[in-house]
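Below, subunit A partners subunit B and then partners subunit C, in two separate complexes.
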Partner chain A sequence: MEPLLKVEELCVRYVSGERSDFRALRNIGFEIYPGEAVGILGESGGGKSTLARAIVGVLPAGACTDCGSIRFQGRELIGLPEGEMRQIRGAKISLIPQDPSAALNPLLRVGTQVSEVVAAHYDWSKQRCREAAKAALREAGLENPLRIYSAFPHQLSGGQLQRVVIAQALACRPALLIADEATASLDTTTQAEILRLLGFLRGTLGLAILFISHDPAVLAEIADRILVFYAGEIVEEGPAPDVLNSALHPYSRALLRCFPIKRRDGDWPVLKAIAGNSPDIHQRMPGCVFEPRCEERIEICASHSPKDAFPCGGRRVRCFRYEQ
Partner chain B sequence: MKKRTIKTALATLVALHAIGLFAGFFAPYAPTIEHRDYPYAPPMRIHFADSAGRWHLRPFVYAWLPQSTNFAEYREDTSRRYPLRFFVEKPNSGLVGTLHSHLHLFGVDGNRCFLLGTDGYGRDVLSRVIWGSRISLFAGLIAALLSLAGGVLVGSLAGYYGGLADEFLMRGSDLFLAVPWLYLLLAVRAFLPLQISPVQAFFLVVLVVGMLGWARPARLIRGVVLSARERNYVLAARGFGASDFYLLRKHIFPQVLGVMVTQAALLIPQYILAEITLSFFGLGIGEPVASWGNMLASLQQYFVLTSYWWMMSPALMLIPVAWAYSVISRSLIEQPHAFFNRH
Partner chain C sequence: MKYLLRRLLHSLAVLFGISLLSFLFAGMAPGTYLDEMQLNPQISPATIAVLRAQYGMDRPLPVRYLRWLNSVAHGDWGYSFAYNLPVAPLIWRRAKNTLWLTLPATLLAWLVAIPLGVFAANQSGRWGDRIAEAGTSTILVVPDLILALALMIAAVHTRTFPAGGMSSVNVQKGRIADIHDLLWHLTLPLITLALGILPVFFRHVRAGMLEALASPSLQAARALGLPPSRILFKHALRLAANPVLSLFGLSMASLLSSSLLIEVVMSWPGLGAMLLEAILARDLYLVIGAVMFSTLLLLAGNLIADLMLYTMDPRIRIGPSQ
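And now, the complex of A and B:
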């Protein structure tokens, strides 16, 4: 099957500003197939959000894609003119930003903000855009779309706001939805509802989802496949249950030890923090990015960068311990 | 600041602008009507009691009797009272046009009425102050809007696009900030022909003042746009396919509005003063059209300054204007909720 999104050797670097010369993403490569849900796991500062913004082409000021390719439905997105890219954003690929309460303009009614996403992509009458927006709000699980439509963001709860943002994202029926920490600011019960909603929409609309989170429990709920990010690199990839239950990369294992996930044998793991900090962005060291914090390092780790290894079915890990 | 003070300031400004706009109604005379036999007549006193000591309910004035002994010396002619009347009809405005009315707020029957005296040509000073406010107040207002429009344009482009455009526009504004504006104004005005019609002169002054002042608002607005475009909802809207123009108009411009209003309140009085300064030097709006600046120009003559105090009344009018604008700009900065909060 043809992948919906194919990212190859993607590098993002800051060329100006205080983070100048910082390589936010290094040699990222992965694929998403239609209807698939891929989770990205990693701690903050690992480049997860940068990846999301690179795919839709809204990188922060000073950052640019250095090399690599992003192919969406067979079409190269890097170097695409801004006008054509705008036709893709929101219509074919939607980005749900972090923190829904900050993602909506407090001065505008939420309905307006949904219907204008439709208006940005279709030459429809105002009335038709409004109807489409109301339908999207209903689809996003808001019981009273008419009331919500004319409400201001401050009148809604966090969960409702998240649903509004989802309505914005889905109003134009995109093929790919990128959710950047979409549930991080919500309480656990609302989080579960939103995850259920996304799962349901994925089933009914045939939507592919790239779900970014720092929480393995959330990814266990929604993702088919998981990519583990560390310091701008994908250190491990594999089917979600495999990665969560038997992680290969030392970082993945260390990260999962920080969360209380019940193991297969019914025991609770002993929680353990990872020693040290994320690497300093200005320092560029030879060798594996995780080497300074790694408990299983060997001699070669400090001097050479590991290559991707493919130890068993559908799994990939960037570590010398698995290189033959 | 007390809410009552702010309200008073707002009411003062509204009233002054309304009086200027409907000058034909509020002013007893047209600004160009000359009463040649009454040069430098002092303000007429409003009496309630006549020379015999009898009290009258309706206030009245006495006519001025020119003295043959000396130039511009007058004595009250107490032989006849001229009661003040409101809403008098007088087809004497001498000018035609929609805003020149035949109905006047007040006047007296059968005699002249100079409540603020006359100037050297016998023109009623009160009427000229009222007609002049139309020029002076609105020149400041229009010039401020003009330079704010320039500031918003330059500031949003520089702040939104950043990079080279930002450098280029902001170094340009540095240039404008570094030049002392009064001398630049004099230079620009000196460069242009001396004899131009009053309407042309008005628009020239407005244009020159307005075009020179865009730099400071542009800087402030650039700063606001710079922080506004990093807001999450601007990023979110961009992620949903919004165009640059849409983002500027719908998400960024509303955040700039507050700064714009405050800047307007600071700029307008400055620009009113600029017009007055130019006209005072004879480089702004010329005679016979009345402007506060060219009315004050006659004070350059020493005998006018020392003998006829009422010729300074346009300068006195600046006090309420400057006070009202400073109250409004200060309260906009210190307590914006007094204006923008509906609760």
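And now, the complex of A and C:
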């Protein structure tokens, strides 16, 4: 089967700001198939949001895509003219931003902000856009779409705002939904509801989801496959249950120890924080990105960069311990 | 509604505070107009004593303040010693001239600053932005006085506009002709004043737009594929209106001080020039009246800004409803 999204050798650098020449993404490569839910796991500062924005083509002004390719439905997105990219954004690939309470314009009615997304992508009458927006609100699980439609963002709760943002993202029936820490600001009950909603919509709409989170428990709920991000690199990839239960990379294991998720045997693992800080990629020495914090480092780790190893079915890990 | 009521009460409190303060400071200043009259040998001490009693100048300050408050409540703003006239009509005549100058100048400055600021923010960092920035910076560093003098010299040399005053001496009578004559005299001071305040307005609009364009909600809007024009005008302009409206209220306060210089240099018979004279002559009630008027102008500006914020911002207008 053709992948829906295929990212290869993607490098993104931040060229402006005080830390100029900051390599936020280094040789990222992965695929998403239609209808699949892929999770990205990693600490904050790892470059997860940068990746999300790079795919949608809304990197901030100081960022530049050095190399690599992003193919979506067989079409190269890097270098695509802004006008054509704009037709893909929100219509074929949608991004749910990190904080739903900041993602809506406080001065405009919620309904306006949903129907304008429809209007941006279809040559429909105002009335028809409005109807589509109401349908999208209903679909996102908002019980009283008419009331929500004419409400202002500050009148809604966090969970309702999250559903509105989901309605915006799904109103035009995209093939890929990127959710960047979409539930991080919600309480656990609401978070579970939203995850259930996304799972349901994925089933009914045949939607592929790229779900970004720092919380393994959230990914355990929704993801089929997990990519572990560290300092702008994918250090591990594999089916979600495998990665969550028997991580290969020392970073993945350390991260999973920080966030206890109930293991298959029913035991809670011991909590343990990772020593050291996420590295400043700018001042990076040669060698593995995780070497300074790694508890299992061997001699070669400090001087050489590990290559991807494929130890067993569907798994990938960037660590010398698994290289032949 | 509660919000507006609160702002209104707040304004009243400020008005009281300012009147108290100006009375206090004017009362503490050494000498009064009547003291200077005493130096005039043609006026008998008896006359001055009568005047003193008549204006209550022999009473302690609190009594005078309460009397003044009472008379203001009855529409009487006191009496000018120097002009020998009631203060209110005196101030109003001059204030009208100042408003004729300052209101169109602010309007003009906003009309230029808003599109220019939106354009510059949209072009951020590119040539259009740099040119607008350089142009307004140049105006900003040139002192208003130099600007006024340069324009006057240009006017004199080209004989296009009068170099001062508010009306011609040998004006033909008739409504149309009068208005034409006023506009003709108004042009130069108006342009000078508008140019003087334009850079500040421009910077605020540009900064407000840049902040709005960088806000998470507009980043989200961009990621949803909304057309740039809609993001700029429907979203960013509204978000930027909030800080800009606050500036609008404040700008009403600085109108009088910024027009003072131009009124003096271009002999525009406005309130600023009269206030200056009144202070020098220790014309107590005229000074207080003029100060109160400019306070009123400031409060009116702020109230208008509040009213616009109220209509613009649903967070103020509606409040959370759960």
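Following the convention adopted for this analysis, the second predicted complex is superposed on the first by the 323 of 324 C-alpha atoms of A that agree within 3 Å, B and C clash if a C-alpha of one lies under 4 Å from a C-alpha of the other, contacts with A are read in each partner's own complex, and residues count from 1 in each chain.
Throughout what follows, a residue touches a chain if its C-beta (ideal position, glycine included) is under 8 Å from a C-beta of that chain, and two chains touch if they have at least 3 such contacts.
Predicted model only: the values in this text are computed from it and were never measured.
Q: Under the superposition described at the top, does placing subunit B and subunit C together on subunit A give a clash or a fit?
A: Aligned on subunit A, subunit C clashes with subunit B.
Q: Touching A:Q155, do we find subunit B (first), subunit C (second), both, or neither?
A: Only subunit C is touched by A:Q155; subunit B is not.
Q: Once the structures are superposed on A, label A:Q168 by its partner contacts, choosing first (subunit B), second (subunit C), both or neither.
A: In the superposition, A:Q168 contacts both subunit B and subunit C.
Q: Taking the superposition as given, does A:H121 touch the first partner, subunit B, the second, subunit C, both, or neither?
A: After superposing on A, A:H121 lies in contact with both subunit B and subunit C.
Q: With both complexes overlaid on chain A, does A:N105 touch subunit B (first), subunit C (second), both or neither?
A: After superposition on chain A, A:N105 lies in contact with both partners, subunit B and subunit C.
Q: Classify the contacts of A:T183 with the two partner chains as first (subunit B alone), second (subunit C alone), both, or neither.
A: In the superposed model, A:T183 contacts neither subunit B nor subunit C.
Q: Let me test your reading of the model: by the given contact rule, A:T65 touches which partner, first (subunit B), second (subunit C), both or neither?
A: neither
Q: In the superposed arrangement, what residues of subunit A touch both subunit B and subunit C?
A: Touching subunit B in the first complex and subunit C in the second, residues 53, 56, 58, 61, 86-91, 94-95, 97-99, 102-105, 107-108, 113, 116-117, 120-121, 165, 168-169 of subunit A appear in both lists.
Q: Quick one: which bits of subunit C touch subunit A in the complex? Just the residue numbers, please.
A: Within the complex, subunit C touches subunit A at residues 125, 215-227, 230, 234-235, 238-239, 312-315, 318, 320-322.
Q: Taking the touch rule as given, give the residues of subunit A at its contact with subunit C in the complex, in rising order.
A: Spelled out, the residues of subunit A in touch with subunit C are 53, 56, 58, 61, 86-91, 94-95, 97-99, 102-108, 113, 116-117, 120-121, 152, 154-155, 157, 165, 168-169.
Q: Which part of subunit B faces subunit A closely enough to touch in the complex?
A: For this pair, the touching residues of subunit B are 162, 231-233, 235-243, 246, 250-251, 254.
Q: Write out the stretch or stretches of subunit A touching subunit B in their complex.
A: 53, 56, 58, 61, 86-91, 94-95, 97-99, 102-105, 107-108, 113, 116-117, 120-121, 165, 168-169
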